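Okay, so chain A shows up in both of these, paired with chain B first and chain C after.
Coming up: the complex of A and B.
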């Protein structure tokens, strides 16, 4: 605070409380409506005080949208993306920052450019690649004449195929294939003083030893930040899972189930069940963000700037 | 800054970067190239591969008046969500930046919308704005038929925009607060000594100093409004009523996966890609050069 100004302090609090309302009202209404019985939720305008039916509504939503297995799927996908991203990003950033090879910058740019185009704008062709992830390699073999060579020599036609539809791999891999984490790690690795590398070299440790014993412990904060960001964004994915899982029963995620919870046009308007469902679906990433706020805020800012 | 201490280990760096490179090639470069290929070709109705059609697919969508209406709608959507979300976030950040007692609590709550899945917020807002339930529907009891996003296109679009703007508050708030806190305390103190009141300092001192962040956020918000709207619209309106909330990403989905018109969808994807690339380019080249206050 720079000057004492009781009036301006009052204005500040008033504005912040207004902001609090603005941000919290959707959460509060979701919670309140989720705790009501059917006649209570049908009242307009809705009462702002919670009622006592939260757990039975959650139970109904849980059964109706089959949330148990879907939660497990969401958890598998979100942790898969998070772990995959943390690992791959650390390895590739390590390679780009600490090794001297010619194509280093080319590799960096190849990865960095992927930040430009979000999955949503290249959704149609990405979907087709998921039907056969080995297509590029087949194409490579075909154009190089290797397929022809093998066919003439052995009589076997090489047909590479790896279908990712309805699989965890398909849900996870395309989300891992972006530059987010690589960039974040690179920024951090650049701040590591050269003396540290020299010292560990002098102590006789090779690059992998240096990576494992020096870099990884130092980048703990970085990892926490990246983990939070990736967990939230992959838990909240909607379009990609919607496309890649035709078998909803086994591979659907919770966020996809939200639509199934909305009351039908002419059905019973049981919004209380919908809202109870929405509440538990939005809870996990919210908890992660609330708990990890200190780390993830720093990571978010250094990632994007 | 060039780094002096490098490792030189022939194959090892390639081994380390290979997994990431392969993923990026398979799931980014290949699909992007594929989109280009589809955009300039047309699949034969009886099989037999694609034939080259030049710009026909593009001309096809550009000649369609509905396409331009949709592009206009997407632009309006993007600008409106960006403006609303940023103004709210900046206001909140400015007050939080005064670090009065108890601000920490406000600060952590203002970040929350960042954590919420767009479709989940969509469900909540759909209920809040429902014409015959929730909160806003109450005005229909006083004035029947005043508010109905299920049949009125403008109402539906407004509803989706409000929800998208709300979702962006957390992200924008984080960046604005960080930028405001980077401003040296002494500057604001000097301003105060010269008799500038808080509001005056905000307009003449803090705002000019955080312009890089403002521009950065404008671009990020525009890109996100153009690309992230699918989940929200699918849950809230499904593009309706009568296409009044159909925006670019949603249309690509409808044409590509419902209409199975891959070439048309690919051409639309290319247009959207170019738009996003142009925005990113502005961010990298123009904004970074234009705005510098170090």
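Coming up: the complex of A and C.
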């Protein structure tokens, strides 16, 4: 900012403080409600100061929603999706930017267009693929008449099936494709000077070696920034895990368990337990953001790319 | 050390021809500079030698082996790039040693080699720094060390000094010269800077719009340019070139009724449309009464310190002379010049090629002597 006036400073600080306040209030209410006993939380109007029952509430929530194993599930799924997304995005952007093949732009636009097709839009076809991941191949075999051919020759009916329902693969794989990540990586790769590619060619390194030795270290800050966003968003996934897991005890995630913590219509209105559960559940993404923030900011302001 | 043979090499982008057939022999251990204006295809030619550009037609052989189909790493060339092209995330020693690491050399051996090369270009104190913490000249030295460490058969330089300031450029020039003297590796150096080219080269290749105009020693190229382009491009200020024709009376006619008595040349080039050229430093100032003096009018002068340049006009044709007098010369003042017939270069006006004083055309690769 080149302009400096006390009035302008005041306005911008006021706006920032207001923003901070708006962000923090819901957290504060969750925390306060989570620390109250049942009678306290039922009182109207609700107190804005914390009480002393936080740990017992947390314990109740932990046991009631079986949060231990669910936490592990969530961690596996969120890390799996994050790692998968970053790997896939980096590799596909690498191919689009550094290799010169005929359908290069077509591939890029096909990937890019999927930005317009979020999971919610394609949930039915995605589910049917997850129910049998080999369905497209079966369809191909059927239309080409290969199934019929094999059946007439050998009498064996070809039926391909790979069921992803109720598995970690099913929870992770359909979420791994990311147009946003590919696009971010593409933009970053395009800032890499051609001379660097040529220098590594002269130094005798092949494409994969270049990717590993030069591109990945250079894109480290971008990668961590991307990982942060991706981890938080996949931790928060609700619809897809809900749909693909019928075996909630073994494959449920914590976000799905939030539902189990909401008091039933005619049950005890123990919102204090619900809030304590919510506190635990949002802790891991909060920690990830807190730890990654340094890299996140550096990724945005770094000069030496 | 390796000789490079470039024969019939062409480069085509889609339908555009960038290089129209280049034939050059580069001898083992030679320092060759490719000189030309931007866009003449000099960098493309270098990159074809390196293996970074495909060769559309013709062959390039290094040490007798045709390398057209070889990967850059298999050609034994090392290259120094214009913008250094250092890996920003690696330290200086990692940058220098990267090629060896890729080649799978054990760590201890690698480090010893890196240290030795770093010493030779006085980079030891900086081995643990990142390129971003170095000055331009230091980065350039890292780039050179990176090329040297592989002990290549051929060094390729792609306008390596164009990002350095004038003083550093002179220093780096000397460093490259010394490097070549001590290592004796065949080197190809691309530049558009003629001072750089003249001082570094054993031999010069002058290129213009995709063809080789002349190949020869710097002094040869300067004193006996093989074409109008070379005559005009090399030398600062550039050569005086005047268009006209030789008449039977022994006079060269030019401009608006300009006449120059050149009986010797007129005999050989009778009634041919030509351009004649003479270096500004060979144009002498004489008194008005001098025999065969060219009468001219001063346009302006440029002071250079040790000498000055006189820009004048004789019968409509511009003429530049180097003069070491210091009398006042104002615009519009009359002045007289003289030129020796033997200092004059003759170029065929239609082909642009040099014609020797016997009247025969000169080819790009001919070694010309006056």
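The working rule: the second predicted complex is superposed on the first by the 269 of 305 C-alpha atoms of A that agree within 3 Å, B and C clash if a C-alpha of one lies under 4 Å from a C-alpha of the other, contacts with A are read in each partner's own complex, and residues count from 1 in each chain.
Following the convention adopted for this analysis, a contact is a pair of C-beta atoms (placed from the backbone, for glycine too) under 8 Å apart; a residue touches a chain by one contact, two chains touch by 3 or more.
Small disclaimer: the values here were computed from a predicted structure and weren't measured.
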Practice prompt. Overlay done on chain A, so just call it for chain B and chain C: clash or fit.
Written response: fit
Worksheet item: Between chain B (first) and chain C (second), which, if any, makes contact with A:133: first, second, both or neither?
Response: first
Worksheet entry | First (chain B), second (chain C), both or neither touched by A:156 | neither
Item to complete: Once the structures are superposed on A, label A:198 by its partner contacts, choosing first (chain B), second (chain C), both or neither.
Response: both
Discussion item. Between chain B and chain C, whom does A:264 touch in the aligned arrangement: first, second, both, or neither?
Written reply: neither
Item to complete: Applying the touch criterion given at the start, work out whether A:29 contacts chain B, chain C, both or neither, answering first, second, both or neither.
Response: first
Item to complete: Return the chain, chain B or chain C, that is in touch with more residues of chain A.
Response: B
Worksheet item: Counting only touches as set out at the top, which of chain B and chain C does A:49 meet: first, second, both, neither?
Response: neither
Worksheet item: After the superposition, what is the least C-alpha distance between chain B and chain C in whole angstrom?
Response: 7
Worksheet, complete the sentence: Contacts of chain A common to chain B and chain C in the A-superposed view 198, 201, 304-305
Item to complete: Over in the complex, which chain A residues touch chain B? Could you list them?
Response: 1-3, 5, 8-9, 12-13, 15-16, 19-20, 22-27, 29-30, 33, 41-42, 44-46, 88-89, 91-92, 94-101, 104, 107, 110-111, 114, 116-118, 120-129, 133, 135-136, 173-174, 176-179, 182, 190, 194, 197-198, 201, 206-208, 232, 235-236, 238-239, 242-243, 255, 258-259, 261-262, 269, 271, 274-275, 278, 281-282, 285-286, 288-290, 293, 297, 300-301, 304-305
Worksheet item: In their shared complex, at which residues does chain A touch chain C?
Response: 193, 195-196, 198-205, 209, 213-214, 217-218, 304-305
Worksheet item: Across the complex, what residues on chain C touch chain A?
Response: 50-52, 71-73, 77-79, 81-89, 98-99, 102-103, 130, 132, 146, 150
Worksheet item: In their shared complex, at which residues does chain B touch chain A?
Response: 1, 3-9, 12-14, 16-17, 19-21, 23-32, 34-35, 38, 88, 91-92, 95-96, 98-100, 103, 106, 108-128, 130, 132-135, 137-138, 140-141, 166, 169, 171, 174-175, 178, 185, 188-189, 192, 197-198, 216, 220, 223, 227-228, 230-231, 234-235, 249, 252-253, 256-257, 262, 265-266, 269, 272-273, 276-277, 280
